[in-house]
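My questions will all concern the structure given below.
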Amino acid sequence: MRRQLPIFIVFIAGIFMIIQYFIPHQSFEFIYEYAMDWIIIIGIFAMLLGLWSLTRASVSKVQTKAPGWGFSVMTLFGLALMLFLGFYQGNKSIAEGTHFMDLFWYIYTPIQATMFSLLAFYIASAAYRAFKARTILATILLVTALIIMLRLIPLGPISGINQWLASWILTVPNMAAKRAIWIGVGLGATATCLKIIFGIERAYMGKD
Amino acid sequence: MVTDLNTALWNTIAMFLTFCIFSFLYKDNPFYKIAEHIVVGVSAGYFAVILYWNGLVPKLWDPVFKQGKWYYLIPGILGVMMWTRFSKKYSWISRLSIAFYMGIATGVAVPLYVQNYVIRQLSSTMLPVHFQNTTGIFNLLIIIGVLCALIYFFFSKEHKGAMGSAAKVGIWTLMVGFGAGFGVTVMGRVSLLIDRVIFLRNYFDSFFTWFIKYIL
Amino acid sequence: MNFYERLMQLDRRWVYLGVAIAVTIPVLFPFKVPVYVTPEAKSVYDFVENTKPGEIIFLAIDYDPNAMAELHPMAKAIMRQCFSKGIKLLISALSQNGPGMAEQLISEISKEYNKKNGVDYVYLGYKPYFAIVMLAMGQNFRIPFPTDYYGNPLDSLPMMDGVRNYDDVKCVISIVAGNIADYWINYANGRYKVKVALGVTGVMSADYYPFLQSGQIFGLLGGLKGASEYERLTKQEGVATEGMSIQTVAHLVIIGFIVIGNIGFFMSKKNKVKR
Amino acid sequence: MRNNYSNQFLILLIIFIFFLFSLSNEIFAQADTLPPAPPTEVKAFDTPNDNGHSITVVWKLSLDDGSGKKNVMAYEILRSDSSTGEFIVRGMVVPGINSYLDRGAKEKEDKNYFPPHKNFYYKVRAKSLFNYSESGVVGPAQAYGQWFHTGKLPVFVGTLAFTIMVLTFINMARKGKEFYVRPLAGIEAVDEAIGRATEMGRPILYILGLGSAADIATIASFTILNRIAKKTAEHKTKILVPCNDPIVMSVAQETVRAGYLDAGRPDMYQEENIFYITSMQFAYVAAVNGIMLREQTATNFYLGKFYAESLILAETGSVAGSIQISGTDEIAQIPFFVAATDYTLIGEELYAASAYLGREPLLLGALKAQDLAKAIVMISLVLGALAASFHLDFFLKLFTVQM
């Protein structure tokens, strides 16, 4: 029962949601929206598990005085502070101009923007390491990337040809590659879903 | 940026954290660790709070207690059942919630993937081929590219003979696509870095203006 | 390890340093790098250049602050070119969140050239339902805009004397983010045969090349690059030129590292064969 | 919707005010004094394939729209509860358009509620600047919901056919038929990568990506994680799974535990190795970067849904000297994985990986079904291209989804 009931629920819910897609009637539209809310609500409750996991890991580092445990104190402090600031004034706590939002704008945002901007460095070093004409495939990768990058660089008369070539690459082979990947992904993802719905793949449900 | 003491202080923290993250490029170091650990705590707390106010309240609390939609208690109960994971003995109960979650997610996905990824892509590749102008020829090249790349994705046939040559053209097409994808992204990533450098420049600009004005 | 092998296996931190220098130096000490000017940008420039002083160009500022970074430089360059040549501007802003931003832009640029509202330019402002507004303007500008943005009746403005509809302007240049561009092509050009040129965001530009080939638009500026081309053509290098210069240098540095890596790869391979 | 109405009202008001204002104006002299020809052949009917809260109105364009006097500026669509009652404006369209979807909300509480199964009467008005002319009244028309969406028929047939194919091949496999699959480099490398971690005595890092447990790429990644967890259990190697979604964490815990049970080593399973960090993209990435460098992971797997962080992870992993195996269906990120990791599973290969790793006959059967479907797609594509070239539109229509 512990094993069979979940598999049965997946089957019923899955088949129902597939069929629902083809029925425009408002009663089914209602059920679709209701079901989507189920997913959201289950996800919200699960957040407590996440917070517990993070807290437990940090606390145990502090307790065992594991290397770098002092940093874990900062994590716990940041978490506790945000939770406090986010609730102590009721639903006004998250309005613009509160300390809650200050922490978001001046601690989270600069860090996330800087992490994101690291990509400028990483894209250069990845290009340097990977774009070597070792094999035919690497050469193709290298040459196309170069043509596309060169479209921003003034090359005199060659620029016109290069612009044309770059837009050809983007609209012809690039388009073909995307379409083929999408079709493959569509079939692969659908097959994965069907395997889950029909209970052929059930490892994600755990074992006893 | 450095206008009043409050924003000056906050911007100084932001500047400090920006440098902490950049320092990671050289190597892992305590400054990076400070920024990393703080942002993990702050962002997890932020997310949980936002999820409560913008998720739980409008999706569960209001429907049940303000709009009288009692049937929203059902997903609420499923949500609470997730908490059985705190116990070893009863954690199997959470699988029922997971089962609903996965069943709904996979069921919704099936027709959407068939429609948007397979049929729509297929029908928009059914292009007219002719030899009057470049468009007709390019259409032919797109179709050949798609066919060969699909052959590359065949799992149950070895890439030998004609299949092998077609698969080779297929992977070349894919590689051209990847090279193009890499090339077009560079500009956007550089822009992100420019924005950060401009943030730092503006910070120090206003800091020095303030410094000269009030200290010297 | 010989020299070429070392070239091939540079510590990645040298690459990071290269990128950091390529971005930081131009931000702190701006300089200009030449730009390749595309024919579709040149044709917008030439059209404006060949317009006589006193004639009117319709400038549509159809974007909101989200697209400011890419599109503001274009709008500025075109306005400056027109004002410096004594061309009059009739300006609308059909994007819902754009009119305030457009007003700031107009007052900023018009002050630079000491141009007067109602005499040298008219700012019509915003009205909902841009498709109907465009069609109505084909009959008479006064139908959707009985007054200008500031509430003056159009008939009280000297510039609008005898200016009725698209027939009385040389062309429409729309600086645009989103599908408003399609309506300028289909309605203003399609129904009323007024000449249309577009300045669009970088991601949109590929979609509008076909209209260029079919002659439905006579010019196209795409993204920051298009803006920098236009700044170059009008010899008023600004934000776009600066931004594109940094981009060009950064791209060059990355390409340079790729080239270095490949030189190292080929030469060390050659050396190995010799041995 | 409400906003739209106020907009329509506003522009009508503007036109009206201008009308008053310009009575004595010179423009009036040149404006049309005759109304445009009315729209004809108006039809109102229930909108097909909808939820039952809309009626479609179509008409034949006024003779003065685009030709004749060319003075049509807009069409207004009016509705009433009775053929003789008061008609109110429901919407407005620009010239050249000959249909209007009169749609409303499905909630009774909503101001804009559109009742189904109720009689409505319509007429259409062609407007010039200062005049208008009206069509006759048509109706009654009723809105009602449909029980099958005919526009989605191609999707229905496709889904059904593919489901049958998958089930048939799985059934064949169940009866003992064996299927061949060609080797995939990324998969062959998995064993080697796990072996390397074992030799070095360092942990393995498994990243499920940034997707939620409702993303199919993440679900595919769960199935791969299960097989890899089994192998790591056999090798007694530690596996770390930092997650960015609590549900993903919960499912990953079950998945890994099942893998350890499959390997016969439930005692080795440690729940705290599958942990939640944060749901915010770059904060999560900052933490994973730290884990890579501090735990010195020997092998990193990045399988699932990835966004801009793909390259940050892959480059940091390469600094740490880890072997990296990646796979995603996110097209924009594949180039970075191809460039910066050792092996990449491209698109569909990600979904095929669990079948490869487990070598379970049933799953290989599903792969065979995917191949058959691909062959059908390819044949249809060739036929479709021929049809498009020779203007055989009926064939193209078979593949057209109408929403």
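Going in written order, the chains are labelled A, B, C and D, and every chain counts its residues from 1.
Keep in mind that, in the parts below, a residue touches a chain if its C-beta (ideal position, glycine included) is under 8 Å from a C-beta of that chain, and two chains touch if they have at least 3 such contacts.
If you're wondering where the values come from, they're calculated on a predicted model, not measured in any experiment.
Remark: among chain pairs B-D and A-C, B-D carries the greater number of C-beta contacts.
Chain centres here are means of the Cα atoms, and by that rule the chain farthest away from chain A is C.
If you average the Cα atoms of chain A and of chain D, the two centres end up 15 Å apart.
Our note on geometry: chain A versus chain C, Cα centroid distance of 33 Å, whole angstroms. One inter-chain figure worth recording: chain A and chain B are separated by 4 Å, centre to centre, where each centre is the mean of the chain's CA atoms. Residue numbers of chain B whose C-beta contacts span two or more other chains: 21, 24-25, 33, 35-36, 39-40, 42-44, 46-47, 82, 85, 95, 98, 101-102, 104-106, 108-111, 113-114, 118, 122, 125, 143, 146, 150, 153, 174-175, 177-179, 181-182, 185-187, 190, 193. Residues of chain A in contact with two or more other chains: 18, 21-22, 39, 42-43, 46-51, 54, 68, 108, 111-112, 115-116, 118-121, 123, 125, 127, 129, 131, 141-142, 145-146, 149, 152, 170-171, 178, 181-185, 187, 189-190, 192-194, 196, 204-206. Residue positions 152, 155-156, 159, 162, 214, 216, 219, 247, 250-251, 254, 277-280, 282-283, 286, 294, 315, 331, 334-336, 338-339, 346-348, 352, 367, 370, 373-374, 377 of chain D are each in touch with at least two other chains. Across the interface of their complex, chain B is touched by residues 152, 154-156, 158-159, 162, 179-182, 184, 213-216, 219, 247, 250-251, 254, 277-280, 282-284, 286-287, 289-290, 293-294, 331-332, 334-336, 338-339, 346-349, 352, 367-368, 370-371, 373-374, 377-378, 380-382, 384-385, 387-389, 391, 396, 399-401 of chain D.
Contact residues on chain C toward chain B in their complex (touch as defined above): 13, 16, 19, 23-24, 27-28, 202, 243, 246-247, 250-251, 254. Interface of chain B with chain D (complex): residues 21, 24, 28, 32-33, 35-36, 39-40, 42-44, 46-47, 82, 85, 94-95, 98, 101-102, 104-106, 108-111, 113-115, 118-120, 122-123, 125-130, 139-140, 143, 146-147, 150-151, 153-159, 174-175, 177-179, 181-182, 185. Only residues 2, 5-7, 9-18, 20-22, 32, 34-52, 54, 68, 71-72, 74-83, 85-87, 91, 93-94, 100, 102-121, 123, 127, 136-137, 140-149, 152, 168-187, 189-190, 192-194, 196-197, 204-206, 208 of chain A touch chain B when the two sit together in their complex. In the complex of the two chains, the chain B residues touching chain A come out as 10-11, 13-15, 17-18, 20-22, 24-25, 33-53, 55-57, 59-60, 71-72, 74-76, 78-80, 82-83, 85-86, 92, 95-114, 116-118, 121-122, 124-125, 138, 141-146, 149-150, 152-153, 170-187, 189-190, 192-193, 195-196, 199.
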